[in-house]
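Chain naming follows the written order as A, B, C, D, E and F, and within any one chain the residues start at number 1.
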Amino acid sequence: MKKVEAIIRPEKLDPVKLSLEEAGFYGMTVNDVRGRGRQRGIILQWRVGEYRIDLLSKLKIEVVVDDDDVDKVIDAICEAAVTGKKGDGKIFVMPVDEAVRIRTREIGKKAV
Amino acid sequence: MKKVEAIIRPEKLDPVKLSLEEAGFYGMTVNDVRGRGRQRGIILQWRVGEYRIDLLSKLKIEVVVDDDDVDKVIDAICEAAVTGKKGDGKIFVMPVDEAVRIRTREIGKKAV
Amino acid sequence: MKKVEAIIRPEKLDPVKLSLEEAGFYGMTVNDVRGRGRQRGIILQWRVGEYRIDLLSKLKIEVVVDDDDVDKVIDAICEAAVTGKKGDGKIFVMPVDEAVRIRTREIGKKAV
Amino acid sequence: MVIGLSMLLALASVHADEAVKINTGNTAWVLASAALVILMTPALGLFYGGMVRKKNVVSTITMSMVVLALISVQWVLIGYPLAFGKDIGGLIGSFSNIGFGLTDVGLRMIPHRISATADIPELAFIAFQGGFAIITPALIIAAFVERIKFSSFIVFILIWATIVYDPIAHWMWGGGWLQSFGAIDFAGGTVVHISSGVSALAIALVIGKRKGFGSTFMEPNNVPMTIVGAVLLWFGWFGFNAGSALAANGIAANAFVTTNTATAAAALTWMFISWYHRKPSGLGIASGAVAGLVAITPAAGFVTPLASIIIGVGAGFVCYYAILFREKKGIDESLDAWAVHGMGGTWGALATGIFASVGATGLLLGNVHQFEAQILAVSTSWTYAFVVTFILAKIIDRTMGLRVPEEDEDVGLDLAQHGEKAYS
Amino acid sequence: MVIGLSMLLALASVHADEAVKINTGNTAWVLASAALVILMTPALGLFYGGMVRKKNVVSTITMSMVVLALISVQWVLIGYPLAFGKDIGGLIGSFSNIGFGLTDVGLRMIPHRISATADIPELAFIAFQGGFAIITPALIIAAFVERIKFSSFIVFILIWATIVYDPIAHWMWGGGWLQSFGAIDFAGGTVVHISSGVSALAIALVIGKRKGFGSTFMEPNNVPMTIVGAVLLWFGWFGFNAGSALAANGIAANAFVTTNTATAAAALTWMFISWYHRKPSGLGIASGAVAGLVAITPAAGFVTPLASIIIGVGAGFVCYYAILFREKKGIDESLDAWAVHGMGGTWGALATGIFASVGATGLLLGNVHQFEAQILAVSTSWTYAFVVTFILAKIIDRTMGLRVPEEDEDVGLDLAQHGEKAYS
Amino acid sequence: MVIGLSMLLALASVHADEAVKINTGNTAWVLASAALVILMTPALGLFYGGMVRKKNVVSTITMSMVVLALISVQWVLIGYPLAFGKDIGGLIGSFSNIGFGLTDVGLRMIPHRISATADIPELAFIAFQGGFAIITPALIIAAFVERIKFSSFIVFILIWATIVYDPIAHWMWGGGWLQSFGAIDFAGGTVVHISSGVSALAIALVIGKRKGFGSTFMEPNNVPMTIVGAVLLWFGWFGFNAGSALAANGIAANAFVTTNTATAAAALTWMFISWYHRKPSGLGIASGAVAGLVAITPAAGFVTPLASIIIGVGAGFVCYYAILFREKKGIDESLDAWAVHGMGGTWGALATGIFASVGATGLLLGNVHQFEAQILAVSTSWTYAFVVTFILAKIIDRTMGLRVPEEDEDVGLDLAQHGEKAYS
């Protein structure tokens, strides 16, 4: 099993949710994070003048899926999250040794 | 070493903490997340009528432990976090290559 | 590729950012978490008397880098985040199977 | 030139006999009420600000501040003369005797044509009525939050205040034709609530729905903020309604009690309706309170406490189901100024014609004419506000564009238009 | 029938001589004070709302709003006559001359039996006293936050206001037996604070502790919200205390100054105690302020500024250690209405009997009877409030159940009872 | 001893003729204004609290509460006599006829030397002016947020109020030498805003920059909180300025209107400047409003509404660029009391000398002396406030230390000094 961890723009949550749903993936965990990378920050207003912040609001979406489904998930996320401008985000795929459903103690595939 | 990542109901934090402590695991990192899965959302009130949200408040608990302790941790969490209703959450176990204690630069087992 | 996941004191964010930048690592994702460990909580004031909380504010910093860079990242973080007192935090290194840049679909090294 | 300027900036006249005629108790109450009424506009900003998505909180609150700032200046320059200057043909007020920027007002007493007793300074009345002129356009913010272009918003508000609010205020309160016909409006059911609520509907139709409206629910970001807004509205409304007596007397006290009672009754009604359907919502109780405040506004000084309970209960029902109706029609008048202020104001204006028994008589006491006058006032203000606002919104939309680019709407107006985040 | 209804909804009588007798300055002050006092109940909601856990914020604030709505209606229908109607045997007021829903009040002046000068409209007094009748039951919310069943809460509040508050208010202020005996209570130390604080203790004993009380600490979720609540309470309290002079005169000004000074002294005292023990807590300073406001309430118009400092310092000590005592006893009277209002009110009521020197004399000026009267008032109101509330709470608990199911308590009342989240 | 104590705590004298002379309308307005002014200090706490980093929110708000508490007590004990007691050599007031703790004041009317009409109770004036004495030191909090040691803060505030504020208030309002010279200051441009703003600069220079200032930007943590603070300041300022007429009359109404208009004009000006540079910032609009409030303060009762627009626009420009200037100089006067209050107050005090036309005449009406008097008042208060504050701050720094340890600054003052977190 793999955990697909995607960092996306916050305003892309709804399209990504939809796109994943259409690809057959409903379960997910979402987290508010801040990130920096190529986008190199944005400029904000203060009461006078302006300032730059380099850590921008992003969302991290985690979807745990079967190894075979990883590419489908990546595709679904990329399609929905892309704007073409710097800051669209990254996807990281990581190994998961085991999954357990707390409610039933089912493990592996059946748990997610 | 493994990272045991459990997504639980927020109101189960106290019992899970206690249960882990009793099983001998004190260190942990906790994070507010939102998730969806079989539970399929809940209905909230608006000023009139109601609406459904599908991303529910959950807590993510991360405990990094020795490979041998993984099962004990899973048991401790499951026992304390289960209600039997959809939405109780999942546990994912993931490999950790290395652990470092920032304060002392100890690594491996000694670091956690 | 590896994900270096560091849990640090919140007030150490600026030094750690700087230190990583100087070591050549700009991209990162940051997250507000709460944690407990050897530090065993702190005492807060209530309107009368005091109380102890065991989950303290921490920051989790995630940096995905090439396998070769892991040590440099660890060094950079440790140097900047250490105070020598309990609660300085941990670093966990975890395997990443794949990385994708959403904007361009570049994968692997080029993506991060 | 300097002389000319200094003349303009100097007081026209200090009435030597001021001390003789002024009633300091009434003046104290009107000044306190003016402060309360002015507080209501930022309070409205909080009420609205808690109900939008987190990315539009600063934008929503800031819009209320901008209306406050804009109309405060517009009012002393031209708004007050247009609304309360000497009547021209029943339609509009004139600058004679007031002057641009209040240059002729000085410290004189309010004229008899506005207040029979004329025992408070005209400037106190100007301050008090300024609060009304400010909050009315601010109410319309409900219609276009989360998507309006800031510059177009400013232009809209300035013109709207001048060509919709000022005339309607004149018709009803400044000696205009509705007042002559006998229509009554104690504190602004028609002038304030119908005019703004109906205009909100009109501009909502022009600007169109928020992206995602209907498919995703736009979750309120901060329920306590909305409740605090409602609470400060409730507090300020005592000035709004009881201050409208322009005196600290029995009428003011009656308006105070009816305002509080109707508001309470409406909040409870809304709570029970929402409970009946599912759960008693805190947001609903706050909304019900506002509905009650709106509905009692035209009636406050004219009805008894017992009648105010009926008006409040009615307001709960009318506004609750008006929102449901609006939703069913798929119209994104986002924060329901039409349903709460337009419909609540309509119910209140008609109810005044039914229940009036203090200083006026309504249908229940056999005065059919009063009810007819109320219907006339309601229908005229509906029509005028809707038509003029619709045209104005269309013109601005065609010329400047009413709406931000889609990307800005996605990112949120806080970042896109103000370069700010509500919370770090 | 229609005639009957219309009669009921029409004004009974407009006193022709109103204009002659009214003092507009006093009326303005009482109206402004009424607005301030009504603001205090939602302010209390914020004060409490910041101290509960995040999952119960909407619930806590909403309860304050519901008390405001419920008692606003109860007061005009039956509460005011019971408290301030013509006395029946020293025990309760009657409906004669007021009527259900204030139908007989009209625009008349306040009767001489309530105010010697009788120069403000009775409705202004009704509005002002309504604020007291509202906040008193709201104070009890402290006892049962985070676990009470919403429907039972509504029933409890309605009955409590009617059988506990209204009678005690009558005894002390409405011409009842305590007043006849000579007990004095400037703005409600006994009537408001003892009655609610002691009742909070009683119902806390019945409803029982929150799940986890004693083992986990219930962390306050929003310290700034609590401070804002305290600030608005402080602000509103100027109306509460200085308004209780029912006139804008020297007594009112004295009450204003003593209120502010005692509050400040108590806030500082609390700060130094908490600093002495460990650190000067912001929550503590806010709590100290409220303790000072409570303690000076019965004394405000009767003591000098210097005496008010002593009262404030005493309040800081009494209430601080009363909370510690309550905690040691393991009682979950969660937000300390008993410690702050019950004990602070008791200290204030007795201190009034000691330090009174303005318009009354206390122990220090040799008037032993005053001190005895105060002890009588304190002990009677303690007993009556405790016993009646305990029985009432028990009855509701046995019939409807006072408490939510454990699962709802876990999830939080916001979601479980109101279907709402405070923040998105 | 007991007799002595009881004498001290008893009223010195109740003027039998009070009822004859009191103007209840004026008293009502001054009492209402006093409540409004006292609200401003916690409002300032919110205004400031939203602009610091999240780890210092409780600290910042709490400091405003502590100033409120400290000076409330200082004022009745010694501050009021020093500022408004019978003049000693033009420099300071005396305790004669007032007494420590106001023991000689009783319920008497305000003396003629302070108010010509003398028709309100002196205690009402004491309460009202107390609000000024409180907010002035609170303004200085801007200079040292996020790094001051709490105990040193308390000592600084207490001494500053006594040796800076009380004398300057006496010079200008209490019968001191500036007043004799003819300088005018309607509601505190010099006394309140210059004195605090310039002192903020002085102590900022002594305490030094926040760690990281210049390299990292100190992001405001809560923009809505700052806006709410600004709104409550705006609201309270009606009491501040219009209440300074000490009467509910035409002057008060004029001050009310000019206050609102100048504030609005300044908010718009700031908005357009920030828009011109980049984007119309919500924080900027709030800051502009405060700048306008400051600048109109000394002028409010002396100028016309039209002149108030000029003053407001000027305030927007002056304060906006003063902040930029301060930043360029690398001075960490963190929340800009100097730029907004010091410079805004200076502009207002001079503008009063230019535009005065109501009850006084300025430069534009040919009165050169008035302008000279204003320059004198401005330069004296600048010098006195700067020098005394600088020395005081140095002394405290050398003895107690002004600043927390670096580690505490890192962790934040909420945790380090108060043991609290703003939000759970």
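Just so it is clear, contacts are C-beta pairs under 8 Å (C-beta built on N, C-alpha and C of every residue); 3 or more make two chains touch, one makes a residue touch a chain.
Not measured: the values here are computed from a predicted model.
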Required minimum of steps from subunit A to subunit E, each step between chains that touch: 2
Distance from subunit E to subunit C - Cα centre to Cα centre, in angstrom: 50
Centroid spacing, where centroids are CA-atom means, of subunit A and subunit C in whole angstrom: 19
Computed distance of Cα centres, subunit F from subunit D, in Å: 33
Residues within subunit B bordering two or more other chains: 31, 43, 45, 50, 94-95
Multi-chain contact sites of subunit D, meaning residues that touch two or more partners: 23-26, 28-29, 32, 219-220, 248, 278-279, 281, 283, 286, 418-421
Set of all touching chain pairs, with the criterion as stated earlier: A-B, A-C, A-D, A-F, B-C, B-D, B-E, C-E, C-F, D-E, D-F, E-F
Residue ranges of subunit E touching subunit C (in the complex, touch as defined): 217, 219-220, 270, 274, 277-279, 281, 283-284, 286-287, 320, 323-324, 327, 336
Subunit A to subunit F touching residues, read off their complex: 43-53
Complex contact set, residues of subunit C against subunit B: 2, 6-8, 31-38, 54-55, 58, 60, 70, 74, 77-78, 81-86, 88-95
For the subunit D and subunit A complex, residues of the former touching the latter: 55, 212, 216, 410-412, 415, 418-421
Of all residues in subunit D, those that touch subunit F in their complex: 2, 5-6, 8-11, 14-15, 18-19, 22-29, 31-32, 34-35, 38-39, 42, 45-46, 49, 57-59, 61-62, 65-66, 68-70, 72-73, 76, 101-103, 106-108, 120-124, 126-127, 130, 150, 225, 248, 414, 417-424
